Structures are given as structure tokens and as C-alpha cells.
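Per-chain residue numbering starts at 1, and chain names A, B and C are given in the order in which the chains are listed.
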């Protein structure tokens, strides 16, 4: 066989396999959306679930997912950026820095179930936070921190050296330079990364089974006092997120329309992740444009 | 913060600098403390099986007999270890060629189309929750295998199929980065010598990027190894080493999710599950070390 | 030297900060738990239009069995409507988790499918007070294509121990038997083995194990030749129910003791319950909940008040 024929065959194989991936993806998305979209309605998105009757919704679960996301990000972002700044600006090359880098790497590939079990042991039982949004948010923070650190490092590394040096030469302290010069420049990268990380939080279930719990107490959406147990804003109440809800009704659902609810909830979950992805891309583009235009 | 401002009158920008430095260090220390306490707690729990309950190490790692309720109770974890390795290795074997081909397609063959359509599609795959994968696996893949192959449909192959789709994004994105980072001179030289695209790819590009590609595969395997819910739904969960790819078996993660809630903390049954979690954690270290080793080779 | 000093300083500072953070959170947690019910909800309307709104107040945490969770969850909502100052949280997590948490004091009530004595050490179990709130019965179910509709105890034992592997030996079609079991730690499996089989069984090679009733139902319904067991509340047309020793699994047969495969649903408290918990547990067994159109029946359990037979931990039955 001539080299040309081999080349053609190889190219065809590569294109075919790439096509196969698109096909799998399309099939997967199609399957979930076709089964689920029909069930999505305003009512479905806002009403509470029913135990045995038909027509239950996913309102509280959707709210819990979003609220948990906000809580997690409120803890993750400051800590992650701080740690990222340390790694990229303050850490001196050496054994300790190498070691920390190794640790961050290990943490990022920890199985989610191990994080969940640790959460159960330490956050839920030892610290007494109970099955709560707060425990869940802390467990998810453990997951997202390494990601956030890496994103921040990447962002800071993309800042042109000249800009950093100019700022330092003007007599600004290093921290001020990081704060007012470097972080704003790195923002598009950090923001895009953060949104993608947020998508991961949204879909996580294994770790939350053991920390945020599998039930949602009665919520009173007119009560916005974060200390009241029925307030949706109370971080110390147990909360079932959308992903956990799908897991639960798949396994123990008594409602006659449980498969439809699972399908609908899956579709909602996927659509949300899709929105996150699009948002990240759009925001990244917009911010890049803004920064390159002002430069 | 107050400590550092104690001695003399200190310039505001120095205080500011200290605040920043301390804050950044605080974050990193917190990170380190977290992981150490994680290792500590899981390890103490997991090791108590051996010290407190007096189960022999050789029993956990040497026996295929899992009878936590039996008289006497036997805790052989070999079937789970076998299940975890076989599903994650098989998943990597399925996903690696697919992922690397997708990366080649995106970087070498049709960069424009690839960047615009294939990459977002693959990124979206990464965002799909594992619960949904398990749900689709149980409703589509398991019945499919049940109809075509002898057996129950559930088992290693079903688990590996679901996992391979889940780890595809990891492998693809790392492979894409590696291929894109290749100096253009290398390829151009090969083309200038009259090599076809495939010759260039197979003799120059792939060998040079091999360690980086393998890094992606290992990271994918690590993810597959630790995945819990999706696998548990399609693997069948019998505590035995299966006789075929289509027979019910268990992984480390599936047995933990299945039994953790049913056992009481502090009992031997429960402690053994923590031992399995400890094994999972140690495997993460092994995977990270392999990745490090590969990365060092890639740099050379 | 200077650098190491700095490092130590940072460490100390961060640790104190971390400690402070925890204290704060814990304190906040406490206030949320104890005060929340009295201050905030009192100002809310005395919901449900209930004339005899009681002055009970406090919060209850019930954790455990996922089989019992739907019932406790639903009843707790009704109870909270009548006692607006009480807040009840119901968590799943499994019987083991429930017993762990109630015995460790993290939960007020531990929901369990099994007697505490079967899971806990005798000393720990002795501290717990049993409140039986309902009965759940289980039936063997098979794939709808299997023509067998009655299995004796011996036949079931033969199936679940792997002595019989084909339905034709039991008068059914020529089809391999596929067991869909529960994990050995499961309370449902313990009940089924104790009262339907009368013996513990080993996990057979090739048997499927699922912890959740939904998955068991799905797999039994779809897999040719499958057999499993489900609580009565999960039964529907996708699976076929077989009689046990020619007795049908009905509420009546369970209540008069002719159908033996059932278990109590327990709600354990550590020591005698406090006033609020007691009121809730009393409500669980009140006619409001247990009557023919109450929640227990609605959710497919059997009311404890209907039972004409009683059973103790060792399985001894008394009329």
C-alpha cells in the first residue's frame, strides 16, 4: 500500500472516530432532552415534589442547587484566589512549594465519594454541622479549591511581565500590584474557569448524599430570615439538590410519574450546565474584547 | 495582622503588603491542613479495621470471599479491587483512542471546525452530572448489551462504557493541549521531507507527545477509578469476580455507596468500608505519581 | 531565621482564625436550631387555620431508613401545620445511619427497618427506646413473563441459595433464573431472609444487588427470568407478584398473621423522648395517621393498630 493510501485511510479513521463522538454526544443529549423536555413547565420548575401523587415538581431542589452553588462559590472564590496568588506570586521555588503543588494535584483527583465520607465524618458528625447546606458547601469547596487555584495561577501567569514590573517600579507594594493590576487583567480567565467549575458543583451528587442530605424541609418562600429553620436562606438546613433528587427518585421514587420527573429533572440539569458553558464562553469573549480595546 | 504592626510606626503600604501576604499564606495553609486532615481521618478510620477489629491485612487483600454478615464474617475485598481496576482500565482503553483521535482531528485535520463545534461538545460532556450518566446507562446501555450478548447486560463492560464516555473530555482536552503546544517546526520539517500527514503524525507528532497523551489517559483512569454513582447503577454489585464481561460484579466505590448507609458507624462492617475508601485514596496517590513521572519524561 | 518566624506566625494566625470561624458557625448553628422555631415562626400566621394551635415549640431531627422516610416526611408536614412552632427535619441515609446518629445524640429520632439489637451492640441498643409506627410487608416478585405464580418457602430457599437455576424446575418456562437481591447489609434483605427463607443466604456469583426499590423493580421488570422482592408499596404492573406458600401478600393476611414476611418500622429515641418528640411520636400512631384513609395506608404501609399479631426481636409471634 502506498503511503498516500495509508494516509487517506488514517485520516478517514480519525474523522470517523471524531464523528462517532459527536454522534454519541448527540444521541446522549437527544435522549435526555427528548424524554425530559416535554415534562418541563413553569409549574414543574416551581412546585414542590409529591411523595406518591402525580404532578410533583422540582422547585425546592432547583432553588437548593442554586443556593448551594452560591454558598460554595462564596467560600471557594476568596480562598482559591488567595491560594492561587500565593502559589504564583509568593511561593519560592523549592521543596515546600513542590510539595504544596503535589498536594493540590492530589486533592484535585480525589474521588468525590471519599470527600463525601470525610464530610460525613468530620463536618456532619464531628463539627456538628449536621446534614446541611453548609456541610455540603464545605465538601464541594474541597473539590473546587484545587481547580480554582489552578485557574488563578493560569490567569496570573498570563499577565504580561512588563505590566507587573511597571507597577512595582512605581513603588506600589506587591500586594497592591496583584490586587489592582494583575487580578483585573487575569479576570477573564479566572471568571471563565470559575463558571465552568460552577457547572461541576451543579451536577455533583455522590459527595452531597453524605453531607447535604437527601431531604428538604418545608420551605416558606416568604420567610427570608436566614436564621429561621423554614427559611430557604438558612444555610444550616438540610437540602436536597437537583442531582441528588434525580438519584433519589430513580431509586426510591413512589410517585407514579417518577420516571418522567427524573427525565425532566435531568433535562433541566443539562440545560443549566449548557447555559453555564455558553455563559463562560460569552463572558470570556466579551471581557477579552473589552480589555484589548482599552489597552 | 496586629502582630506585625506592633513594633514601630509602620508605613501603610507595608501593612498592606503584610495583610496580602498573610491572607494568601492563610489560604494555602488551609488547603494543606484540609488535605492532611482528610488523609488523617480516612486513614485512622480505615486502619482501625486492622488494629481494633483485628482483621488481617491478608484477609482484605488476599480473599475473594465477602461475607460481612456471615458466621464468621469474612471481608475479602479482592473482588472489588479487581472490579475497580478492570472497569477503569477497560474504560481507558475505550476512551483513549477516541479521545486522541478527537484531539488529532481538532488540531491537525480540521482546526476551525474542531474548535468551533467539537470542543464545546466535548466540554459539555464533562459537565453532564454522573447521576445522569448512570440513568442513561441503566436505561439504554444495559438493555442494549442484554439483547446482544449473553448475560445480564449489567457488569464490567456496561460500567466501562459509561465511564469511557465520562472520561473522554479529560483525555481529549489534555491531548489537544499537548498537540497544540508542539513546535510547528517539527511538523513542517517532516512535511518538507515529503512525508504524508499520517506519516508525520505517526512518526513525529505522536511519539513526541506520547508522555503527555498518556498523562491524559492516566488522569482519565483516576477519574474512572473514583466514580461512584454512575458505576453503581450499571455494574450489578455482586461481590464476586465475574466470569464474563456481562456478569454482575462490584467496584470499591459501588460497595461503599451501597452499604455505608446501612451499617452503623464503629462496627466492623462499617470500618471495612472505610478501609476500602482508604484504598481508593491511596490509589489516587499512585495515579498522581504516575502522572508526575510521565510529566517529567515529557519535559525531557 | 526571619523566614521561618514568618511561617510560624502565619500558621498560628491562620489556625486561630480557623478556630474562630468554627466557633462562630457552631454558635450560629445552635441559635438556628433552638431559637428559630420560637421567634420567627410565631410571627408567621398560625397556618392551616387550625383553631387549637398548640404551644409546643422546638425542633426535631429524624434520620434513617429510606423506606420509612416518605411516611415520616408526610406526617411531619401535617404535624407542623398543627404545631406551627415545631420544626421537623426528616433525613434518609439508611437504617444504619439513623441508629448511629440517634445513639450518638446527633439526631432526636432514628428511623430503622430493623430492631436496633440487630445492628448495635447490646449496651448501645439498651439505651434506645423503640417506637413502632407501622408495618411493612414484602412480596417476592418475578419478571412478568414467568408463568409461576406460587412459590413455597422451600422453593424460594432453593432459588436464593442457587440450588435451582432454571424456572422449568419450578413449573415455569425454560428460562435461567436471575436473582435480583439486596446488599447483605440491607434491612429489607434481613427481613426477607428471616421470615420468608428462614435462613441467611450467601451472595451468589452472578446475582444482581441493588439497594433501592426503584432499581430492583426496574431490573426485575426488564430482565428475563428475574426474581426479587419488594415492599408492597412499590408493587405495580411492571412486575408480577407471586404468592408465598399459596398465601397472597395482602394487608389482611399480614394483619391476621397468615402472611409472615413483614417487619416493623421503628422510630428510636435515646432514652424517653422529650415533650415535643413525644407529641410527634404520639401523633404518628394516632388515628389521624393510622386510620384507613390516613397517611400510613395511603403510602402503602400497614397500620400498627390493625395488627392482630405481635412479634419480638427474635421473631416469636404472639396473638
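The definition used in the following text is that a contact is a pair of C-beta atoms (placed from the backbone, for glycine too) under 8 Å apart; a residue touches a chain by one contact, two chains touch by 3 or more.
These figures come from a predicted structure and were not determined experimentally.
Undergrad: Taking the touch definition from the header, please name the shape of the chain graph: line, ring, star, complete or other.
TA: Contact pattern: complete, every chain touching every other.
Undergrad: Given the two chain pairs A-B and B-C, which is bridged by the higher number of C-beta pairs in contact?
TA: Of the two interfaces, A-B and B-C, more C-beta pairs touch across A-B.
Undergrad: What is the distance, in whole Å, between the centres of chain B and chain C, each centre taken as the mean of its C-alpha atoms?
TA: 33
Undergrad: With centres defined as the mean C-alpha position, give me the chain A-chain B separation in Å.
TA: Chain A and chain B have C-alpha centres separated by 17 Å.
Undergrad: Which chain A residues reach two or more other chains?
TA: Where chain A meets two or more other chains at a single residue, that happens at 125, 250.
Undergrad: Got the chain B residues that touch at least 2 other chains?
TA: Touching at least two other chains: 25-26, 30, 233, 260, 265.
Undergrad: What positions in chain C touch 2 or more of the other chains?
TA: 66, 92-93, 104, 211, 215
Undergrad: Using the touch definition from the top, list the residues of chain C that touch chain B in their complex.
TA: 9-11, 13-14, 17-18, 66, 92-97, 99-100, 103-104, 119-120, 178, 183-187, 200, 202-211, 215, 218-219, 222-223
Undergrad: Using the touch definition up top, name the residues of chain B that touch chain C in the complex.
TA: These residues of chain B touch chain C: 1, 3-4, 22, 25-26, 29-30, 33, 66-70, 138, 143, 146, 152-154, 233, 236-240, 242-243, 247-248, 250, 255, 258-267, 269-270.
Undergrad: Using the touch rule from the top, collect the residues of chain B that touch chain A in their complex.
TA: Touching chain A: residues 13-14, 16-17, 19-21, 23-28, 30-32, 34-35, 37-38, 41-42, 45, 97-98, 101-102, 104-106, 109, 114, 117-118, 120-125, 127-132, 135-136, 140, 165, 168, 195-199, 201-202, 219, 222-223, 225-229, 233, 253, 256-257, 260, 265, 274, 277, 280-281, 284-285, 287-288, 291-292 of chain B.
Undergrad: Touching residues of chain C toward chain A in the complex: what are they?
TA: It is residues 22, 25-26, 28-29, 31-33, 35-37, 39-41, 44, 59, 61, 63, 66-67, 69-70, 73-74, 77, 80, 87-93, 101, 104, 106, 211-215, 233-234, 236, 298-300 of chain C that touch chain A.
Undergrad: Quick check on the complex: what are the chain A residues that touch chain B?
TA: 3-4, 6-7, 10-11, 13-15, 17-18, 20-22, 24-25, 28-29, 31-32, 78-83, 85-87, 89-91, 100, 102-107, 109-115, 117-118, 121-122, 125, 142, 145-146, 149, 172-176, 178-179, 196, 199-200, 202-206, 209-210, 243-244, 246-247, 250, 262, 266, 269-270, 273-274, 276-277, 281
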